[in-house]
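Each of the next two complexes has chain A plus one other chain: chain B in the first, chain C in the second.
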Partner chain A sequence: MIASSARRQTGAGQMTAVVLFLPPAILLFTLFVVLPIVEAAWYGNYSWNGFGTPTNWVGFDNYRYVFEARAFGLALRNNVLIIVVSLLIQLPLALTLALMLAEKFRGAVALRMLFFLPYVLAEVATGLIFSFVYDGDYGLLASIYRVFGAEAPHLLASTQTSMLAILIVVVWKYFGFHMMLFIAALQGQDRNLIEAARIDGASRWQALRYVSIPLLYPTIRLSIFFAVVGSLQLFDLVMPLTRGGPADSSQTMVSFLYSHGVTRMRIGYGSAIGVILFVICATFAITYKRWFMRDE
Partner chain B sequence: MNALNRSLLAGVALAFSAGTSLAQTTVKWLHLEVNPAQIKIWEEVAREFEAKNPGTKVEMQFLENESYKAKLPTLLQSNDRPHIIYSWAGGVLKAQVEAGVLQDISSQIGDVRDTISPAALAAFTVNGKTYGLPHAQSQTGFLYNKELMAKGSVDGSTIKTWEDLLGAVRKLKAAGVTPITVGGGDKWPLHFYWTNLAVRIGGKAAFEAALQGKDGGFEGETFQKAGEYMKQLVDLQPFQNGFLGFKNPQSTGFFGDGKAAMSLVISTVYHQQKALAADKVGITDDKLGWFDFPTVPGGKGAASDTLGGINGWLLTRGAPKTALDFVKHFVSKDVQMRLAGANFLIPVVKGADAGINNAFMRNIAQNLARSGYHQNFYDQDLGPSVGRVVNDATAELAGGSMTPRQVAKAVQDAWKQGN
Partner chain C sequence: MNEPVRIGRRPPELATLYRVLFLTVVAAFVAVPLLATVLGGFKSLGELRTNPFGLPSEWEWENYADILTSRRYWRMLGNSFAISTMTSALALVVASMAAFVFAHLRFFGSRMLLNYFTMGLLFPAATAILPLFIKVRDLGLLDTYFGVVLPQVAFALAMSILLFRRFFKDLPTELLEAALVDGCTYPKFFRFVTLPLSRPILATVGTITFVHSWNAYLVPLVMLNSDSMYPWPLGIMVYQGEYTSDWHLILAFITLTILPTFLLFVFAQKHIVAGLTAGAVKG
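Presenting the complex of A and B:
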């Protein structure tokens, strides 16, 4: 009904659609997204343990405490580290594999599935599995070391290596997702363009470099966007592996929020961290969209 | 039509009355116990209570320890809050009282007041009002594996002073035995060292002075010294490899598997190490020893002072009277004797320790009965925010990234910030 009337008189039809479909979405969005953000911004100015209504107004003290906390600096550093590794190791790896596996050959589909599997696994399950792998006494890593007659390091127990251990899991878990994005885009590409380039005398590498990959740019930009936002939100992998420790060395922004805000019943302080994280994410999302994804 | 209406009405009325006569009082009981054997007894207790009080239903709800702590504030403020909740007393209890989410039961416990150990009851009393009843207490001290100790020619029963402990660690290391296992990834097992040392060095007076900000508060001499003594131990590298990554159950299992000679633990680890050992047998009673936390030279605390937990059940605001009746039933001598008999707890009800049927738990019960100053765990007593800083800082001291002075300062800063 609405669709057909919209076809006849676009203006009025569009209005009906807007009036009908927008309010539920706006309502849900306001209730569950906008309101909590506004509330967090409000709580961030109180010293509050979560009971009753906040009454102890402390202004920007919470923000000052956050910026003074050593754990916050570490969390920020770790988030940057995750982003860098995602962009410099994970995405190139995903792209290379995608270029190989987008072709049709025996076992390509099986390999794609295999590389995609880690992404399907729940984060907490992944964390637990790797905490066993990394276990310096009974773990897989320990048995590999033992084969060579060496004693395994406890990767998760040292401030020097805890983050490295997490980064390995992050790359392992998410490269398959980006690989799938690239494969989907590659398969959607018009084969004629490549063929035309080849007929024009372009080598395989040149066809790849100057035709295939430029056609992938929108997907790469999208992939980078997912990688950065996902890195900023990393939490559920960290908790079963290290809980942000030892000595906050593997804290991320969100695990820092949880362990220093929520579990300590410092809801005001936690809200302040949340607001800072929100500002970072929103600034990134908006600038990135404006600068790099304006055509999409 | 009229007849139909009437019969409909009658039917509705019937259904309604049937509904009311069957209406049950449901007691919602939120706990965080994970030991199936203990939950089995709890369930029996609940079913007995239901049988004795027709029309009552006891509904057991469970949350895991960490998520319990994280979700409780929200839960308590909902209309669907549980009636009975688990508590470690201390700072969290005070916050809950201030928020008005608990029920003052002072006037309703006349019948049980005299049956419960006064010190334990006092832990659930804030500003003269009682909000819950205690059901268990525990002591921290060293569990040791007699066989492994013998390898280093150490006799655990002779360790009385801090120097004795350090000596034992040196000997065990020389003999190639891992002296101590600790769940450093969870941090709180490491805070046992620092806080036990503070109890030995300064006694009750030092802790109370620190709470009032006297003598430099938690930055004062007692607490700096506690850090220095702890560092003496840490410098010997007494813990298992990778101890900062071990969660507490892992460490408990490590001890149960006979991989380390000692562990500073809560007395209930006595049976947990059996359940968490790879062979489910653990260290058997004939090979298991216990010594109290060592004393330090010139310490103001008595050797009989204890650090441990006091656990109990709180009644939340609006809880039905039946909920309190159930808690009273739970802390009755009969139920406490049963739980004590299964070695799950050191009872707080007078005379129920007669139910304890093993030498290990009896020894702990005697220690607690003799204790002139039983200090609750700092991470509970100081509230969740300061408590976690104590855990963080002592874990960093053990990891070598903080000095004793920095630890004391971090705790004092948190205390000032939180109050």
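Presenting the complex of A and C:
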């Protein structure tokens, strides 16, 4: 880029910059991101409570126990459920709202901000707000039931409905983020293309279906990526609502890792769960990028 | 709008009506839980049960006043503020320096090194939380701010470096060439030219890291074990545990803890929206 930079190398402080500017980032990243995941692969072969050094080698037993655990199966199923709901309900909702709110009209900006607000709130606060909404005695839902003279269900306390309750909160919290991505993309679109389509006789719907939405495909692919990666690491929201219960019915992979690995200080077992999660996340991210996001 | 195009469409009034109806339903879905939370904090427990939606018949200001005058509330916010400020400040310094090197200098292995950092985008901190705990413990940082700050900075690095690097690369190259001809060094150029020109991206990355750290739950939960060190997401869970079904108090507490986020959102809307969607749009 800079033609004669090689000649000025030392004079311009090139080496000084490299030697001064890079090490802090490399050190922090290696110490707290790369080493821990490498160590997880190592600890995962031991039965270890975290004191002293790991000596009790158990090979792949930890992994076998994880896959045999009923709670892990449920967690896996729930993570898949979250992904399905994110893709089939949340994304279409976000896209519809974006198409409505990308146009200028009175109140459009205020609505955009309102819909984005849940994304900014902490998961923990959101979870607590909804444990009030769902509360069988004081909650909003309960009082609606009472109006019709019906007994309020305790959504969070039943193995049948706990996951449904969490899925509703997931949509509430994250659709605004995806909507905002779509709005940003829509506003970057060339209006002339749509105008041209309309002049050529396309109806509003056709212009939308065959011009606007195809132009959004890269954003949709990106949005799917974020939805899946986010779903895989859902945890903060689950804790205030159900802590994975009742009877592990609303466990996610990370909440399973927390309740079965961290709280019981089973370092080996918990590390094995972490490694499984890592493999799922990394495999997904790499293949998805290779297959669907080649040019981005 | 062009008049001829409208021929043969449904009357626009009906479409508009559907749209208004749909937007109203979604707006209610989002706003009602939030409004009920804020108002609930002004009610007595008895009234909350009979009238959870409406305005309180009698405004109970003590719920809020008691929390605002309590030490724990301010200590929690203080902890959160300290952790988030340190996290975003450190992430800004460390990431912008590294990104500067990746943007302007080529050396043996620089491409590989950049790819090394990009790996950080592949997995969340949760995957390595137990080894991370062991590491922080062995460094003697358990139950300190830094035990939370350093891992958070490390996990923020990948995204921050990529955002910075792109911005630095887009700055006019003539600047650097001219400065080098005039005898300026790279570190000086970074300090006196690049950084002052980078306010927008500094604001964006600063906002992302601050908000994520402010809302973070898992890392502080694992690294801190005394109440006096807890940031607010941990503190609010403890509070909820103590006042299990005194929902009027819990709602007041929730309202007061999300108030700073809300104010930040209102006043720094542009940066927050730009920041939280930037990784997506440009990453």
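Here is the rule we go by: the second predicted complex is superposed on the first by the 268 of 296 C-alpha atoms of A that agree within 3 Å, B and C clash if a C-alpha of one lies under 4 Å from a C-alpha of the other, contacts with A are read in each partner's own complex, and residues count from 1 in each chain.
Quick note on the criterion: a residue touches a chain if its C-beta (ideal position, glycine included) is under 8 Å from a C-beta of that chain, and two chains touch if they have at least 3 such contacts.
The model shown is predicted, which means the values in this text are computed figures rather than measured ones.
**Q** Which partner does A:65 contact after superposing on A: first (chain B), second (chain C), both, neither?
**A** first
**Q** Which holds for A:125: it touches chain B only (first), chain C only (second), both, or neither?
**A** In the superposition, A:125 touches chain C alone.
**Q** Decide which partner touches more residues of chain A, taking chain B and chain C as the two options.
**A** Higher number of touched chain A residues: C.
**Q** Quick check on the superposed pair: does A:157 touch chain B, chain C, both, or neither? Answer first, second, both or neither.
**A** first
**Q** Kindly classify A:50 by the partners it touches after superposition: chain B alone (first), chain C alone (second), both, or neither?
**A** In the superposed model, A:50 contacts both chain B and chain C.
**Q** If we overlay the two complexes on their shared chain A, which of chain B and chain C does A:287 touch? Say first, second, both or neither.
**A** Touch status of A:287: no partner.
**Q** For A:206, select first, second, both or neither according to whether it touches chain B, chain C, the two together, or no partner.
**A** So A:206 meets neither chain B nor chain C here.
**Q** Check the residue A:246 against both partner chains and state whether it touches chain B (first), chain C (second), both, or neither.
**A** First partner only.
**Q** Counting only touches as set out at the top, which of chain B and chain C does A:262 meet: first, second, both, neither?
**A** both
**Q** Which of the two partners, first being chain B and second being chain C, lies in contact with A:187: first, second, both, or neither?
**A** Neither partner.
**Q** Please identify the positions on chain A that touch both chain B and chain C, taking each partner from its own complex.
**A** Chain A residues touching both partners: 50, 137, 258, 262, 267.
**Q** Mind listing the chain B positions that touch chain A in their complex?
**A** Residues of chain B touching chain A: 66, 69-70, 73-74, 76-77, 92, 95-96, 98-101, 184-185, 187, 241-246, 254, 259, 383-385, 388, 392, 395-396, 399, 401, 417.
**Q** Give every residue of chain C touching chain A within the complex, in rising order.
**A** Contacts found on chain C: 2, 5, 8-9, 19, 22-23, 26-27, 29-34, 36-37, 40, 45, 48-49, 52-53, 93-95, 97-98, 100-101, 104-105, 107, 113, 116-117, 119-124, 126-135, 137, 150-151, 153-155, 157-158, 161, 173, 176-177, 180, 183-188, 190, 211, 214-215, 217-218, 222, 232-233, 236-237, 240, 245, 247, 250-251, 254, 257-258, 261-262, 265, 269, 272-273, 276-277, 280-281.
**Q** Touching chain B in the complex: which residues of chain A?
**A** Against chain B, the touching part of chain A is residues 49-52, 65, 136-137, 151, 153-159, 162, 242-243, 245-248, 258-260, 262-267.
**Q** What residues of chain A sit close enough to touch chain C in their complex?
**A** Against chain C, the touching part of chain A is residues 1-2, 5, 8, 11-14, 16-18, 20-22, 24-26, 28-29, 31-37, 39-40, 43, 50, 93, 96-97, 100-101, 111, 113-125, 128-130, 132-133, 135, 137-140, 143, 172, 176-177, 180-181, 184-185, 198-199, 203-204, 222-223, 226, 229, 232-233, 235-236, 239-240, 254, 257-258, 261-262, 267, 270-271, 274-275, 277-278, 281-282, 285-286.
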